[in-house]
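Alright, structures below, take your time with them.
Look for chain A in each of the two complexes below; its partner is chain B in the first and chain C in the second.
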Partner chain A sequence: MRPATFEYHRATSLEHALQLLGEFGEEARPIAGGQSLVPMMNFRLARPGHLVDINRLPLNAIEIVGSMLRIGALTRHGAYFDHPLIARHFPAFLDAVHYIGHPTIRRNGSIGGSISHADPTAELPAVAVLHDADIVVRSAAEERRIKASEFFVSAYVTALEPGEMVVAVEFPIPPAASAGSFVEMSERSGDFATASVGIVLEHEGGRIAKAAMVCSGAGLVPIRAPDVESHLLNRALNDPHAEEAGRIFAASIDPVDDHIASAAYRRSLIAELTRRAIETACSRALGRS
Partner chain B sequence: MIEITLEVNGVTKTLSVEPRRLLADVLRQEFNLCGVHIGCAHGACGCCTVHQDGTPRLSCLTFAVQCDGASIRTVESLGGPTAEHSLQQAFRSEHGLQCGYCTPGFLMTLVPFVDEMVEIGRRPDDEEIREAMSGNICRCTGYHGIVAAVRKAIDDGLGEGSVA
Partner chain C sequence: MKAGRPRHIGARVQRFEDIRLLSGSARYIDDVRLPDMLHLMFVRSDTAHARIRSVDTSALSDLEFPTWVFTGKDTAGLSMKAHQDYPEMQYSEQPLLAEDRVRFVGEPVAVVLAEDAYKAEDAAEHIFVDYEPLPVVGTMEQARDAAIPPLFDGWKSNVIVQRQMKGGDLEAAKAAAAHVVKRTYRTQRQAGVPMEGRGVVARYDHSDRVLTVWSSTQMPHLVRTYISEELGLPESRIRVVAPDVGGGFGVKGQVYADEVLIAWVAMKTGRPVKWIEDRREHLIASIHARDHEHTLEAYVSADGRLLGLKADITVDNGAYSTFPFTSAGEPGMVGKVLPGPYDFHAYEATFRAVATNKCAIGTYRGVARPSAVFSQERLMDDIATELGMDPFEFRLKNIIREFPYRNVLGFTYDAGSYAESLERMRKLLAEDVAQAAASHGSRTKRIGVGIACFIEQTAHGTPDFTRRRVPIETGYIAARVEMSPDGEVTIDLGLQNHGQGLETTMAQVAADALGVQPENVYVRHGDTLTTPYSVGTWGSRGGPLGGGAVHIAASRIADKLRAIAAHLLQARPDEIELADGLASVRDNPGRHIKISRLARIALRNVDQLPEGMAPGLEAQFSLDGPRDGTYSNAVHAAVVEIDVPTGKMKLRRFVVIEDCGTILNPLVVDGQVRGGVVQGIGSAMFEHFIYDGECQPLTTSFADYLMPLAPEIPNIEVHHIETPTPLTPLGAKGLGEGGAIGPAAAIANAVSNALGVNVSATPLNGNAIWNLSRHLRDAS
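Moving on to the complex of A and B:
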């Protein structure tokens, strides 16, 4: 299929883009890599009347701002592989990037696009929820910071208002004594995830001092696992009771039941992914790869 | 209609296009480059891969209006009508194609990979080759012949003696 008709606008500055998005409101969508939006348009699941091309805007910096790592909305997924700040501070993030699509998609897709599209199986929304990231959005009138946990409302639905676009995502930099991992299962390499689990651990004296866990596939948005997070507190890194954590989490969720996998299959898959993510993170915290 | 200028395989044309027209369709219909194959039209099969300013890009997920001023390369730019590029020759000798529908996409995805490996003097393992081609789907030959072709093209490029 081919897209419905639309008007095309090439934004020459952020102000210009915001002015266009404000002018056309719900009819307008920004386009960056187009790796999610254009498939939706080709199938006519999305029919924006106006596309605002933001590719030429300077929104692709990865930089430390205060205690946060700020990633510009146009940063392409492929940029993380060789980035020292990602490798040093965000192992779960780096793991997750390997699961995003394929090399060609990773070279073109952007973080702003992935976050705004809010596919329930996408990796970067899960990473944002895992790290309590702030989604920085702008309209012609104002800038807002929205917690990732409040940004994702439902599958493909976000807290973005008409006229707004994501300009950056800011991740709190974890303390030095921390480790993480992200594991995902899909039927084919690079395909949409059946489920995924991410973990970040802070540790002290060989024990877990703080834990965060996120799961995609358990609901229509990435969800945190507070029961697992408290279960892991004070556990020894070399004996984190990971299998038990998986069982606890699996018992608390009501996973998606669809043509990819039944809810029962997803529940047992998520239990196993939880175990693997915890064991990998603990192993990394102990200095084993 | 929006006026754009594209340089495709060394030929520059200025043309007026509807914003909704995909780069893949414009390359096929306005430049007569029927080596640009369209498989799924949603970024899952890799058939329509071309290079935009030197980087592989899915032309079914790209609007031609976005490419104003860009330099585009299609499979026709590689080895001419007799397919003389080293990777094309390797596809031939290693049975990397059967019906050939997916082949232009595989070639345009893998040529930069092969070039990079030759340039840095490294022989990737098969797993790495499979990752590099994971965005392309072949439905008849299977992938063993394609992996073998990539390996051969890299070996040929590196020549004897240079090992990493």
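Moving on to the complex of A and C:
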């Protein structure tokens, strides 16, 4: 359980990192916290010939840029817990980060790493899809913005091209009359999700004006639920028909069946988590805790 | 107890070894680094059952660094032999490296060595094994199917061994029964997971023909004996060292093929050789545990008396037999212990081990008893439910109350606190039982309370092993105690300390016998060069037998110190008391002499010794176990809270009442109990080693093999009752394993109570709880 031979490069600037990634192409991988990449290398499931260490790059700001909240790729998971912008605008995001790993993982793991690794049950990819986030990627030649829903192609497969690297994730800031929640079930705290469900909603006059829902555990990438989203439109916050929403979501998916959980169990979990996520978000919208 | 008034035994002494272990200055197997050392990497079978057509090592010559390679042809004739001397047992050997056939995924096929561990791993990718796959034997059912060919040439079937134990008149019990309760219970396959994996370093010195083997083992002397017999070296020229060992739990309580193989490779290459197991290797190829199915049939009278029990026990042993406890050990243990703490007089157990294409089953904390107690205590609850009785009431009606008690198989139990601990637990749980009952109208949130009441045979020794005809053959534990001229004490202990606190508890025992402080006692262990021959640390024997051996050896030195003091103080030896570093005349404490002064006289100023007394202050004693061992007892209780819609289960409370006789150190006892309970919670809820239909392992890293983690563990409450046994010198019984024995049963009973269903299998993970609570969802 030792990695195959690789060459290590410490990038001194973003331009330097992009130049190295461009030079070595498919042979190169950027490394930040290494929470996913290093185990993959130790199992020799990943065999990059060149590692580009980006830890010293100034990519860890959380800031408002126009109508977006921009999170630098090197922001560690631990940074969100007491961040005022996350707390104010992104309750589902804040719920979700409580389910990420353990203190060591949260201190080292980065959003760019989690997004690039694209584990189908990881929290941050689900949150990015939920919020229609833009994944900002750069190569030596250009910068691209990719919608989260297009970025995640399959399990551990993304739209990143050789030579490209995630530099930031930008989340549209929801209007003031909005709420959200994220719930997850895993065997042990800190595990990848058996299933998770997130919601953000906008409301007006006590009714849901717009909703987005996502789940993980139902496929190879986080899945949105257009049927549920339209089902929720105009529902009263104090009677959102959440149980029915859960049934609709569960009926529309084809969950994974593995040795941790059967497909039937995951389907049932997603129905129940959908109900809970909706009820929590609605109750938050109504100003209850 | 001969020690007089104990000052240190029973005291809450902080563990001395923790200074080393917690400050990062312990030295583990991976810290052994020798000049010119080669690093060894295994090539392991990726196929569960196959003939080996060829092993192609020619690509190694493409590498730009030197390598050494050995295959099964090189080690032909060398093997692990672990045969229990039962005529009906089918004999198998595990070759050190597979030569023509592999029988589980992970079986070593070749080894390659290089000058660093990374290169060795690179080199292993250049060895190509051509397998001709054979059909696998993947389940107990397939193993018992006579139409499926045996895994070994010359075998008649894949049933390795099948035997019976019986006592009393079962037919009469059945005829007299008003109720017959028959159930089948299943406990899953687990890996045993110490924090530190295994590892071996070996060096052969050709000039004086001395082989030194460092191994992360619980039994250095047995490793020495096995290597000597297999490689034909005199034991006098083999030294086995177990350095600091980061947990063993029985996993390191077997001699492994790799320990013999790496010694052999060191001799062949003439270079020191090192192998450090990685976690994947550990999970797939060090021993596995549990994997039992028990069908029990209980005969019960109309008023709730257990009249008889019939048991049919199958263990999925995997492919090979492990040394020294063999594949007959696990099922035999179930047959032996199922009668448990209950008073009944007719019993018959049929038990068997079957061979499959999986990793071998070996000893892991509790050894068969977590599975046996799971079945026994689930059955007690199932009978109580069938009779409409309270689970405490039913157990108290059948619990053994008079001691010594001769059980249905003829084993004699020494005194315990079976009924008292049940009564006490009932009081501790009264509020939880009420809360649980109140929750049983809910379809979404349920609370359940479950208990497990059990005994554990501990401190067993040679008589037990002779009866079982097991190749360990003997079970005594030896200690050599020596006082040096400055009055400081050294214990060379035949035990190996890997978390038991022996460097502290043994010092406490010696300190009481010798009248010194525990801080004055240095405990050495784990090195065959310095310690007397013993079979190692396992089986809940260290406290009662190791402690007893230390006590007797130290007492012999104390007798000599008293004789010298009596001579110098002009008193009788029986008037001399040893305490606080002084030898004093009883009732006249002004007349005293320092023990360190006596030591100097005994070893240096020997002209001052009494006429005719030989110099020296050392004694060695080997203490064996009593005929039937001594029986610890405990009641475990779990209070669970179940979120019915998701299957999420939370442990609200876990309570242990335990009785291990005389407590040597309450901190150590609490730590042992809590650590064991955590592992038992792993068995109950999380850990499951899974093979697919082709016997490919699916749970080969900690991402898939789920260990219990701190957030899932409640505060574990531990209560003590002390019933000293007359069968060991200090009154101590064993307790190392007990913590791990009860949790699966207690938690399963709590789930059964919460959901109102029969729980017949572990692990009780989210999916399992969800399956068990279907009736509550469907009705809502």
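Here is the rule we use: the second predicted complex is superposed on the first by the 289 of 289 C-alpha atoms of A that agree within 3 Å, B and C clash if a C-alpha of one lies under 4 Å from a C-alpha of the other, contacts with A are read in each partner's own complex, and residues count from 1 in each chain.
Definition applied: a residue touches a chain if its C-beta (ideal position, glycine included) is under 8 Å from a C-beta of that chain, and two chains touch if they have at least 3 such contacts.
All of these numbers come straight from a predicted model, not from anything done at the bench.
Novice: Sticking to the clash and touch definitions up top, decide whether chain B and chain C on chain A clash or fit.
Specialist: By the criteria stated at the top, chain C and chain B clash after superposition.
Novice: Considering only the touch criterion stated at the top, classify A:141 as touching first (chain B), second (chain C), both, or neither.
Specialist: A:141 contacts neither chain B nor chain C.
Novice: Once the shared chain is lined up, is A:5 touching chain B (first), chain C (second), both, or neither of them?
Specialist: both
Novice: So, does A:35 touch the first partner chain B, the second partner chain C, both, or neither?
Specialist: After superposing on A, A:35 lies in contact with chain B but is clear of chain C.
Novice: For A:265, using the defined touch cut-off, is the partner it touches chain B, chain C, both, or neither? Pick first, second, both or neither.
Specialist: In the superposition, A:265 touches chain C alone.
Novice: Does the superposition put A:187 against chain B (first), chain C (second), both, or neither?
Specialist: So A:187 only meets chain C here.
Novice: Contacts for A:177 in the overlay, against chain B (first) and chain C (second): which applies, first, second, both or neither?
Specialist: Touch partners of A:177: none, neither chain B nor chain C.
Novice: Could you tell me if A:43 is touching chain B, chain C, both of them or neither one (first, second, both, neither)?
Specialist: Both partners.
Novice: With the two complexes superposed on chain A, say which partner A:104 touches: chain B (first), chain C (second), both, or neither.
Specialist: Touch status of A:104: first partner only.
Novice: If you lay the two complexes on top of each other, which residues of chain A touch chain B in one and chain C in the other?
Specialist: Residues common to the chain A contacts of chain C and of chain B are 1-5, 39, 43, 189-190, listed in rising order.
Novice: Would you pull the chain C residues touching chain A in the complex into a rising list?
Specialist: Within the complex, chain C contacts chain A at residues 117-118, 121-122, 278-280, 645-648, 686, 688, 690, 698-699, 701, 703-704, 706, 708-709, 711-712, 765-767, 770-771, 777.
Novice: Provide the residue numbers of chain A that touch chain C in the complex, in ascending order.
Specialist: Result: residues 1-5, 39, 43, 185, 187-192, 194, 259-262, 265, 268-269, 272-273 of chain A touch chain C.
Novice: If you look only at chain B, which of its residues touch chain A in the complex?
Specialist: 2, 18-22, 25, 41-43, 46, 49, 55-58, 60-63, 65-66, 68, 109, 130-132, 134-136
Novice: Give the list of chain A residues in touch with chain B in this complex.
Specialist: Residues in contact with chain B: 1-8, 10, 31, 34-35, 38-39, 42-43, 51, 53, 55, 101-105, 107-108, 189-190.
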